[in-house]
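Structures are listed in the sections that come next.
What follows is chain A paired twice: with chain B in the first complex and chain C in the second.
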Partner chain A sequence: MVKLTIDGVPITAPKGTLVIEAARQAGIMIPHFCYHPKLKWDANCRMCLVEIERVPKLQTSCSTPVAEGMVVRTATTAVTQAHKSVLEFILANHPLDCPVCDQGGRCDLQDFSHEYTPTTSRFIEVKRIFPKEYFSALIETQMNRCVQCLRCVRYCDEVMDVKALAPAGRGTMTEIKHFTHHELDCEFCGGCVQICPVGAITSRLSMYEYRPWMLKRADTICTYCGDGCQITIQTKENKLIEVNTAHGAGRNNGDLCARGFFGYHASTHPDRLQHPLVRRNGELVQATWEEALGFVAETCIRLKMEHGAEAFAGLIASRCTNEDLYVFQKFMRLAIGTNRIDSSARYGQINGVRALRRVQGTHRWAVTFEDIVAADALLLVGTNITETNPITGLKVKEAVKKRTATLLTVDALVPAVGTISNIANLAAHHFPVHPDRFGHVVLGLIKAVVEDGLVDQALAHRAPAYVQAIGDAVQALSWPALESATGTTSGALREAARIFARAARGVVLVGQGVLRSPGGYGLTTNLLDLLLLTGQHGRPGCGLAPLAEENNDQGAVEMGTVAEYLPGPCDLNDPTARERIAGLWKEELPKGPGRTLTETLEEARTGKVKAMFVVGENPVGSLPHAARAKDALAQLELLVCQELFLTETAALAHVVLPACSYAEKDGSFTNTEGLVQPVRRAIEPIGESRPDWEILSALSVLMGYPIEYGDAKEILKEIRSLIPGYGLLGAGPNPPRPDEAVVSRYLREGYAEDLANRYAATQPTEKRTGHFTLLVTQSLFHSGKFSTRSTGLLEIQNTGVLGLNPADAARLGVTDGDRVRVSNTLGELTAPIKLLERIPEGLAVFPEHFDEEARRLLGVSTDPQTRVPYCKSAQVVIEKL
Partner chain B sequence: MAKSLKSWLKTITFYEILVGMKATLKHLLHYKPITLQYPHEKRTLPDSYRGMLALLRYDDGTEKCVGCDLCEAACPSRVIKVVSAEVPGEPTKRYAKEYYMDMTRCLFCGLCVDACPVDALGMTREYEWAVYDKRQLYLNKQQLLAIGDRSFPVREKKLELQHLNVAFFNVAFKHLPPKEG
Partner chain C sequence: MLQEKYKTEIDEILSRYPVRRSAMLPLLTMAQREEGYVSEAAMKEIASILRVTPPQVYETVTFYTMLNLKPIGTFHIQVCKSLMCALVGSDSLLVWLQARLGIKPGETTPDRLFTLSTVECLASCGTGPMMQVNDDYYERLTEEKVDRILADLKRDGTSPLKSGPFILPEPEGAHG
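Our next item is the complex of A and B:
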């Protein structure tokens, strides 16, 4: 610690702290434009000049680290004079259009001008006017207002790693430009808009519709991916105006992605359901809540009398709040009396949770975002993290760029510079393999660990049989076979294994590419084996992190809305857990079995299930046509949907009940790292819509089984009585430690049951010439189907565009924007193409958000253990149209 | 004795009342009545009279208001409501799409006029705004502009050096409808 004095106040600060930071912590504000705590100092604006004793000239406090005995003065005549000069120079060119500038009222330049400058200027020259190249749809630049602090340029490079912006020109004529022609094409994270101290870069979405002082704020959680970023929704007269986030707030620490920053308009889309709909004479017609709920309750009671409780099933989207999920499963279990519940966590998240529970006895990560940043070696498997979990991606970028971690990536995409960042570009070792061969790379890594003597000695002593069994399994694999399957060399695999095994802190991140594709559960378990073998498992700051796709995937599992778990999660058949929960609910739990999504649909098709409650989930729109979800749901005698929009599933329903979106309700979301964060209401419910839990609660009353709560907080209180400590406790998550008893059991016998399966290098299906692998994946600019209702995101991406490698495209004789026909035995689609160098040859990538056509091409297979439906890839032929 | 006589005399002549009424009686003799026969006669207004509010135009007929909402912020009794937006066909140019004044609440303090950065608001010398229906005092932009037109026939010249709202490539700009007329 260093002692210094700022303005007569004695301060102690850690060594290396900048004077501006030390002063801020002591409550002394030094004016600045170019300094930002997230960025490396640049000292180009000269606004933060201070006087330091025994230093002859004024110093920029943003670039001067504190020193022992330093005496700093921030308010002397010389400093004030310097502030005046700097501002006079800036205002020589800055237009006085504050009244029409969206930043007016929260502008640094405005504030400092009020504080430090005289009201007149000595400049009589004409102000500079930059010619404008184009008007942007989302990020509007007004370069005349720029103060050339370069914060946006540095943010885009240092934090986002996109490098879309650069300064052009010299002196006062410096202008922020981007590299592409015409319109800006980047990640659209909105970081430049948020970080601009003046109004030079503003958002176009709500341009001129507000003034900062009119806005009402609500700190809530973004609903677009599992990262759980804190966002502040700003509203004016019940209208969504903008979203931003504060530096230091939430897990995202002031960063957002395009979805978070520009995607907020989805909640107030004009297509939102405003009234309950009831099917009369085959048509869905508007009804009152009383009619709709009365009809549902009556029919439920009748069907229960006729067919029993086992004829009911429930499906809920894991985009709902924990409160909704909890009340849903309680409603299904008690008011209806069935365990046939599943949620969209079944699409992949369950693979990660099941593997974690099996090996280490936890259902959450044993690591946090901070551990990712602090890691020495990071292994990313099957995740294009920038596009699926952008903010977790930023933690990886921070670890690599600022903390010099070594990044190992296994993914289908190849390193290439593009308009959006690509995590493979930062990797020390990148293994670009075909998406169904990620497992081979992992097997290669484990083989290298075993053969090169990198196995943790403590583990070898603790579980010799386990090490031996895995050793034998990988010895059976031959290097040439692995090399030919992965297209890499054994040397590279050995080098990567050595880096990972020798790292002090190793973290493995697993993404959709693994969790949502065949063999996902086994591969996730293999990765835990890799952690165990290298001794990274169980060490603080090390562990496996399966990335959740939906914002509350983790909460859906913990609230017991999946077939195999009760709230907790506790196993459905665990007698002690059943007894405890029954005691708290003061009611016997139903004895019937749980049924997963695909099993439920199958039972609906055969007529075993007669009635279904579907909350926010859209199986018809998410599963491929091959899953025949539509046929199954059409068989039902009662289909009740609680929805925001009239989706494909809701269109089949007998009753559609309008539900509130995340912006209109209170509750909590559990993010991918297991942090429960509060969701707060920003606007009043649209139309007659009600929160999901309230609808279920009202139904339960009508059915004579009241499950009533005053508000969302009461539900969380009840959840807390079931799961001790559930809720936000402190600023960050408190990750669970692996349960040593479970780890020991796994090392003793648990590993053996499917060892042969997991360690078999299945010969991948040989690629037939002329065939492409079609991957239907998440895009950076959308999340599920909800975001396709958001005007801002539709500006960036509004149709399904097939991504192709330029070499493939050249072979097909097509170029950017041409339409192609994609077909296989199941169906065909036509789509425009876009050439992307990050897509390897032989692969075609299509966004899942616009997949009405593409779903026809996909087959569906089910995981034998976790019953996860895998339906994200297909073999196709592509022809020029 | 003499004292009591004096007081007796004062009592019977109502002397105290005469003293009290002295000023009144003086006025009765010296001053003319000041009541104006209002609809027929009108007072001369002082130069700084703050009457009905109005929106003004430049000499070329364009509205001065840029929709900055500062008048709304300055108003102590929440008279003003501005709905600002981009000018159709002229991206990045701000204007007041709608502008309302609820004159039933106005104090005529003139803070909005002071706050206006472009002198788009003026206080006229109109005061004859009695209406039978209060709702007629809820004025919209057109009404306010009309008041300005009739009260301020001499208009300010528009600044010549204006920031042009044009771009080299006006591509892909589909948010705003084309300029009307």
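Our next item is the complex of A and C:
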């Protein structure tokens, strides 16, 4: 610690602290433009000058570290004079257009000018004028206003690693551009908009719509992915004006991605359902809440009498709040009387949770975002993390770029600089393999750990049989076979294994490429084996982190809205848990089995299930045609959908009940790390829409099993009585420690049941020449069920474009924008193509949000253990059109 | 494509630097040598060679007045507009050149013979006003001298009035 005084105030600060930060911590604000705590200092604006005793000239406090005994003065005549002249120079060029500038009212230049400058200027020269250029549909630049602090450029490079902004020219005439006269093509994270201290870079989505002081603010949580970023929704007269976040806020620490920053208009899309709809004479027609709910309740009672409670099933989207999810399962279990409940966590999240529970007895990560940043070695498997979990991706980037963690990546994409991040570019070792061979790389790593004496000694003592069994299993694999399957050398695998095993803190992140692909559960378990064997398991800061795709995937599991769990999550058949929950609910729990998504659809098809409640989930629009969800749902005698929009599934319903979006309700979401965060209402409900839990509660009353709550808080209180401490709001997650009893059981016997399967290096089927693997994946610009209703995100991406490797495209005789036909025995689609260097030869990538056609081509297989439907890839032929 | 034509030279340039990105200026010089200016295609190609983004190459090009972003004429006239030359009349020299060529700084004559630019100090401050035409310096300029130079260039493609660049001390009789 270093002692110094600033303006007479004695201060102690850690060595290396910058004077400007030390002052801020003592409550002394030093004016600045170019400094930002997130960025390396640049000291280009000279606004932060201070006097330091015994130093002859004024010093930039943003670049001067504190020193023992330093005496700093921030408010002397010389300093004030310096502020004045810096501002006078800036204002020599800065236009006086505050009245038409969106930054007006929250502009650093405005504030500092108000505080430090006389109102007249000595400059009579003409101001610098840049010809106005179109920048992009979402981001506006007004370079005449730029103070050339380069915060935007540095943010885009240092934090985002996108490097899309160029300070073009020099001196006064420097302007921020993209690439020559091209419009901006980047990740559209909005970071440059947020970090610009003046109004030189602003959002076009809210242009000229507001003055900051007119806006009402609500701090809530973004609904577009499992990262759970804190956002502030700003509204004016119940209209969504803009979304931003403050530096330091939330798990995202003030950073956002395009979905969070530009995706907010979905909630007020004109197609939002405003009234309940009931099917009459084959048509969905508007009805009152009384009519609609009355009809549902009556029909439910009748069907229950006729067919029993087991003829009902429920499906809910994990984008709902914990409160919605909780009430949903309680409604299904008590008012209806069935355990046939599942949610979109089934699409992949459940693989991660099941593996964690099996091996370490937790359903959450044992690590946090901070542990990712602090890790020495990071292994990413099956994820170009930025595209699904952009903010977790920033933590990885920070670990690698600022903390020099070693990054190891296993993914289908190859390193190549593009307009959006490609995490493989930062990897020390990247293993580019076909998506069905990620498992082979992991087996190679485990084999290397065993053969090169990298097995943790303590583990070898604790579980010799386990180590022996895995040792035998990997010994049985031959290096040449692994090398040929992975296209890499045993040397590279050994080197990566050594880095990971020797790291002081190792973290494994596993993404959708594993969790949503055949063998996902087994491979996730193998990654836990890798952590155990290398001694990276159970130590603080180390562990496995399966990435949640939907914002409340984790909550959906914990609230018990998946087939195998009760709230907790507790196993559906765990007698103690059942007794405890029944005690709290004062009601017997149904005895019937849980059913997963695909099982339920099958039962609907065969007529075993007669009625379904579908809340925010859209199986017809999400599953491939091969799953025949539409046929199944069409058989039902009653299909009730709670929805925001008339989706493909809702269009089949007998009753559609309009639900509120996250922006219109209170509650909580649990992010990928397991942090429960408050969701707050920003606008009044659209039309007659109501929160999902409220709809279910109203129904329960009509059905004679009242499940009533005054507000969302009461529900959370009840959840807390079941899961002690749930959602007690703290600054960060408090990750669970692995349960050593469970780990011991796994090491003793649990590993053995499927060991042979997990450690079999199946000979990957050689691809036929001319055949491509089509991958349908999430893109950075769309996620969840309603991003395609957001005007902002549609500006960035509004059609399905097939990504192809340039060499493949050349062979097909096509180039950017040309259309191709993609087909297999199941169907075909035509789409324009885009050449992308990061896509390897033989692969074709299509965005899942525009996959209406592509879904025809996909088959479905189900995980034998977790019943996760795998349906994201297909073998196809591509031809020029 | 530079890489097809100059593979060995590019490899040699890259081998000089421990940090790949440092090869930016030599590669840009190569691109300009090839086409007379740095084209968008060249910037993209250099970005991919150096594993940086095209904006990062672009910003570098815009920083150096010696790198051109547009095709230029046969003769690139670069007039120093920094302080020392300004004190001895570079501004009226520039006006004269503009009148003679009929173009403003940043423009090229319709016959594509001359491009006029203004640049910062070219380190001939003792002999201003001065200009550089392609690789040659012309110093202690007067209106009459400029006319002769332009006529020479048009006629012969070069002018005996050129004076360097050279390293001090000046060679005898360098200035005619």
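Definition applied: the second predicted complex is superposed on the first by the 875 of 881 C-alpha atoms of A that agree within 3 Å, B and C clash if a C-alpha of one lies under 4 Å from a C-alpha of the other, contacts with A are read in each partner's own complex, and residues count from 1 in each chain.
Here is the rule we go by: contacts are C-beta pairs under 8 Å (C-beta built on N, C-alpha and C of every residue); 3 or more make two chains touch, one makes a residue touch a chain.
Keep in mind the model is a prediction, meaning the values are calculated, not measured.
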{"item": "Per-residue touch tally on chain A - higher for chain B or for chain C", "value": "B"}
{"item": "Chain B versus chain C as contact partner of A:131, first or second or both or neither", "value": "first"}
{"item": "Partner chain in contact with A:163 - chain B first, chain C second, else both or neither", "value": "second"}
{"item": "Partner chain in contact with A:417 - chain B first, chain C second, else both or neither", "value": "second"}
{"item": "Contacts of A:177 with chain B and chain C, given as first, second, both or neither", "value": "second"}
{"item": "Contacting residues of chain A [partner chain B, same complex]", "value": "95, 97-100, 104, 126, 129, 131-135, 137, 140, 142, 144, 182-183, 204, 207-209, 211, 213-214"}
{"item": "Contact footprint of chain C on chain A as seen in their complex", "value": "162-170, 177-180, 417, 419, 425, 837"}
{"item": "For the chain B and chain A complex, residues of the former touching the latter", "value": "66-70, 73, 84-86, 91-94, 117-118, 161, 163, 166-175"}
{"item": "Contacting residues of chain C [partner chain A, same complex]", "value": "40, 43, 47-48, 51-56, 58-59, 62-63, 69"}
